[in-house]
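Listed below are the structures to be examined.
One chain, subunit A, appears in both complexes that follow, with subunit B as partner in the first and subunit C in the second.
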Partner chain A sequence: MTTPAASVSRSGNGRLIGRAVWLPVGLLVAIILLVMVLAISITQGAAELRLSTIYEALFAYDATVFDHLIIRTVRLPRVVAGVIIGAGLAVAGALMQGLTTNPLASPDILGISAGAAFAVVLGTFLFGGAPLLVTGVLAMSGAAVAAIIVYALASAGRGGATPAKLTLSGVIFAMFTSAFTTAILILDRNTFEQIRFWTVGSLAGRDWEQVLWFGPLVLVGLIGALLLSRQITTISLGQDVAKGLGQNTAVIKAFAALMVILLAGGSVAIAGPVAFVGLIVPHVARVVCGVDYRWIVPFTAVIGAILVTVADTVGRVVLRPQEIPVGVMLAFVGAPFFIYLARWKIR
Partner chain B sequence: MQTNEFPKPNWIALRPRFLPFSARVDRRVPAVFLVLCAVLLLVLVLSVSYGAYKIALLDVLRAAVGLETSDPNHALVVRSFRLPRILLALLIGMALAASGAIIQGLTRNDLADPGLLGINSGAGVAVVGYITFAAMPNDALLPWLALAGALGASAVIYLLAWKGGVSSLRLILVGVGLASLGGALISYFITRLTLENAQRAYAWLTGSVYASTWPEVRLMALWLLVLLPLAFLFARQLNLFNLGDDIATSLGTRVEQHRLTLIALSAALAAITVTVAGTIAFVGFVAPHIARRLVGPTHEGLLISTVFVGGLLLVVADLVARWVIAPGELPLGVTTAVIGAPYFAYLLYKRGR
Partner chain C sequence: METKNLSLAYDRETIIQQLSLSIVTGEITTLVGPNGCGKSTLLRGLARLLKPKAGEVLLDGKAIHALPTKQLAKQLGILPQGPTAPEGLTVYELVAQGRYPHQGFFQQWSPEDEETTREAIAITNMVELADRPLDTLSGGQRQRAWIAMTLAQKTPILLLDEPTTFLDIGYQLEVMELIERLNRERQMTILLVLHDLNQAARYSQRMVVLNQGRIVADGTPGAVLTKELLANVFKVQANIVIDPDSGSPVCLPYRTAVPTPHSNGANGHKK
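Take a look at the complex of A and B:
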């Protein structure tokens, strides 16, 4: 997957031709990798299954075979959920990094995930076990409110919403809401019992219902992100450049923000506030394919899906029969990556 | 250094005749100090008088110094229940504020917080991990585990940020990274706990001075008596750090050595609070800001004021925590967040960059 970048840097002249050929090939390779990872993920679990069984369960389903039943009702929805949230959070991060020209922007750092999580916890506290539809609405509106507050906070005062102010207001908003989330969890045992696994960020026990409710939202967000990708490339070059090129940045930003809310809100509704995917993956994608968001968005989606699937699979396997939630696994990968960036890439 | 160029110097020089020590403080410091002390006393008395069992202000004072009051219960309530917890809140606020002022001065970043040194996540991982994996958790061990975890995490962060010297930016970023790793570990431990223990762990993580005792107050006071004077001795070095590493070096500071000492001091100050009350956010971050507005950025005066502002903040936060959902009680860390976060937002608004 490093070939595209290498070929680009090798010859300035063959640049366009090189990219036109290598980027689709690279994407194809990434997708094949994703499929392989998914297949391996489905085989792993309490009972190890063979790849051929997966094939049969998908294309020659036999309801009387127990393994087929496991694959169709337990393992398949779980990996599909993983793919959705991986792609959703990663692309949300990419959009945010492009919009704000801030390399640290991501749903978790700018407080979007925390807002969605708080809304869901509050809903569970007020209404008891909320039906899925309510959870979804809450997560979306939490994400939306969070986005509006964080952005308003950052753009108030002199200088407007600079990257630094945006990051800070996001971090603070996240701390603020999570204090309330914690208060609810401490004071109300019922809510705590229902939701404590969800707040860590986990894919355990996700079934088709969640995938079918929230998957389409994320899908709409992904398609929207692809459609907007050309404009986002322009914005990522800087507000002034975008305006100079005659772009109506306010409208583009509003639409892109809507996509971020769909992507992040839908993902959080499925798996809870999973951190680090939105931060890391766009950086990896940029190493592979450069600065063009028409390529960054699809690469980010596929790499995000791979990352979450691998993290979830490893989390299920290392401490068998216990399971490490995917949110924790991603922090184990993400935090060292972050420290690595801090230690070796910054001065 | 400018000496007497100005018509009216805006600082006061302290030169004790018998000590090899001198300090320069802002002219506003004495007045601010007196006002802070007065407000603090007032709030302390108010806080002790408030509760399910209300006590008149005068009776609070009489009971506190051991005089007879109209009701024999007063002495019990004031001296055994309320005073220790409120004094503990005061001392914790002081320690956290001093810790925050040091780390902010050291990193030249006014948004830094003792949490950056991994105090909270280190202590949290040690304590929650112990509760999770020990067959028979022994509560007496918890403070020591918290201390070991907090200082251990600080050491790891310092070492990871070391690259022929520790730059402040690297220190902050490594701290953020390690804190998120610690947070993930804690979340994982909590999912493994029984429901009851998990909720207890959450309460500890949010910080609380519920049911504090006199021995805890004495322990805390003793530590502060040792660490705070040390912090004042190093205030001058903090002023030099404010000028940047290069200038500090050229002015003859042993930058790395002092940085290590100051980090250790800041970590120790925050770590002891964790052992008695769990992790309390935002005080260490907000208090130095308020103090800076009051007396300016020179660290000799700043440290003194910060300590009192921090104490005041936490006593108020504790009062609010007991009052909001009375007869229930919010975790102290939640109220500090409710007070701290809007202040941060305001700060962001004023900064403009």
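Take a look at the complex of A and C:
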């Protein structure tokens, strides 16, 4: 893909030289930070483990050692699930923000997560403990239907889907579907027991099965997002400008929407409608790496993974042996950030 | 470039009706008219941002809506009204986006891309500001950066929708002088929508006046800018004087016109 690499030597101005070297280094630093956070997260739980035990469990596995077993079957899948949903939801948010030129766009605000969650809860209510395949299909279709309804609602009337109309129709759709979700959960004790934690967004008890079923969907979404990233930069200048530059915006929007559905649907299937990751992380990434989506996408993925891992770890530790779901922990951070965005970033 | 019986509409509301207009290559043409007359809509139709409801827009004899959009973007640049850039986008990064139609999906940034980008920055006098984010610039500088982006497209035709609106007078002239220079030095065909009649008269070779979706006057500024037209289309009484500096007509409105029962703007040019 295109890189205006020559900009580095162009002006003799230190800023761009700094930026060009800085970005790969910054991404590497972020990845190292993620690995450190993951290691610490694995040590935390009912029993505190040492880092050396993690190393042994990974590279000198002994099935007779109980701690090794715990790491391999309980803690490792949980942190991997955290990485997947952190990256998935955050990148979904980045794509949506670029596509709509709306700083508030994200799977939670625009109702995508709520749609996916409602579909899964409805499925559990109707069919009882649904197999994972069904959960996945339900989450994807819920996300897709939500995206279509919200976009159609926002596009109605003159002026099309402006940021304000899109946000409004997303929030309204999210509230409406959440009301149904809550109604089902209150009326049906069985469903409630099964997915009580899931509906606020939780990584508790995630095992390899979920990771292996839904992880690949999110991975496809991430690769698609990377391939589309240069196009997203162009469309983030506004649809008219992008069209004027010769971009086929309808095709780009359709592909990007498909990626959002894979990313958000897959993430919700794993951990429920975890809020705020998709909203805040792209903004943090932009502060670090600027406006080019070829960098925003990878930075967003890594920072999203870090944020979810940290929130999940803190949620496990603060009230031990009780656990605070990761969705609740993120709301503590996310709500103030939302106010900041609404106050300063919305034109 | 021309339109044939072009009709444009938003939803069910028809804005432009059966309009035929031919843009002369190498000229600066200005579309003017009262609010809601359809001048911006027409420009959007010419730039294929709006699909025709009927009729067609032709470029070198070919209907533009049938052309691959990327190919058209090498022929025709468009700057929509009041574009907004993502926060933190630098001038250089913006102008580099102008190379979009010249790149493939996996194609690398070529020396030609770099050269054209620099040239566009240079001709708009933005070299000193190339590394600055757009949100730190003045309105006039920002508008020049956007124009530079369309110049990096290297198109012979440029469409501009109200490029001077919301700018201070000095910045307005800065932008208009740039447009004049692009026309004179690079022989670019430029079609713009303007709000200010005197600027339109001063900088363009041809003025096209729209009212209620129809062309009501079309010609040189001297022929178009008359007391009758101002009274009928813009509903103002005005004196027309000649600018001693440029020789172009200048209108000095002094009172709103009392609407007379049988005059309406649509036939103003016949009077």
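Note that in this section the second predicted complex is superposed on the first by the 324 of 347 C-alpha atoms of A that agree within 3 Å, B and C clash if a C-alpha of one lies under 4 Å from a C-alpha of the other, contacts with A are read in each partner's own complex, and residues count from 1 in each chain.
Here, a residue touches a chain if its C-beta (ideal position, glycine included) is under 8 Å from a C-beta of that chain, and two chains touch if they have at least 3 such contacts.
Here the structure is a predicted model, which means the values were calculated and not measured.
Contacts of A:158 after superposition on the shared chain: both subunit B and subunit C are touched. In the superposed model, A:325 lies in contact with subunit B only, and not with subunit C. Contacts of A:237 after superposition on the shared chain: subunit C is touched, whereas subunit B is not. Contact with subunit C, but none with subunit B, is seen for A:286 once the two complexes are overlaid on the shared chain. Ranking subunit B and subunit C by residues of subunit A touched puts B first. By the touch criterion defined above, A:176 lies against subunit B but remains apart from subunit C after alignment on the C-alpha atoms of chain A. Shared contact residues on subunit A (touching subunit B in one structure, subunit C in the other): 158, 347.
Touching subunit A in their complex are the following residues of subunit C: 10-11, 44, 47-49, 69-74, 77-80, 83-89, 92-94, 96-101, 103, 105-109, 111, 113-114, 117-118, 130-131, 149-150, 153. The part of subunit A that touches subunit C in the complex is made up of residues 1-7, 10-11, 13, 15-16, 101, 158, 233-234, 236-238, 240-241, 243-248, 286, 290-292, 345, 347.
Residues 111, 160-161, 163, 167, 169-170, 173-174, 176-178, 180-181, 183-185, 187-188, 190-192, 195, 198-199, 202-203, 205-206, 281-282, 328, 330-331, 333-334, 337-338, 341, 344-345, 348-353 of subunit B are the ones that touch subunit A when the two sit in their complex. Subunit A makes touch with subunit B in their complex at residues 153-154, 156-159, 162, 164-165, 168-169, 172-173, 175-176, 179-180, 182-183, 185-187, 189, 192-193, 196-197, 199-200, 202, 275-276, 322, 324-325, 327-328, 330-332, 334-336, 338-339, 341-343, 346-347.
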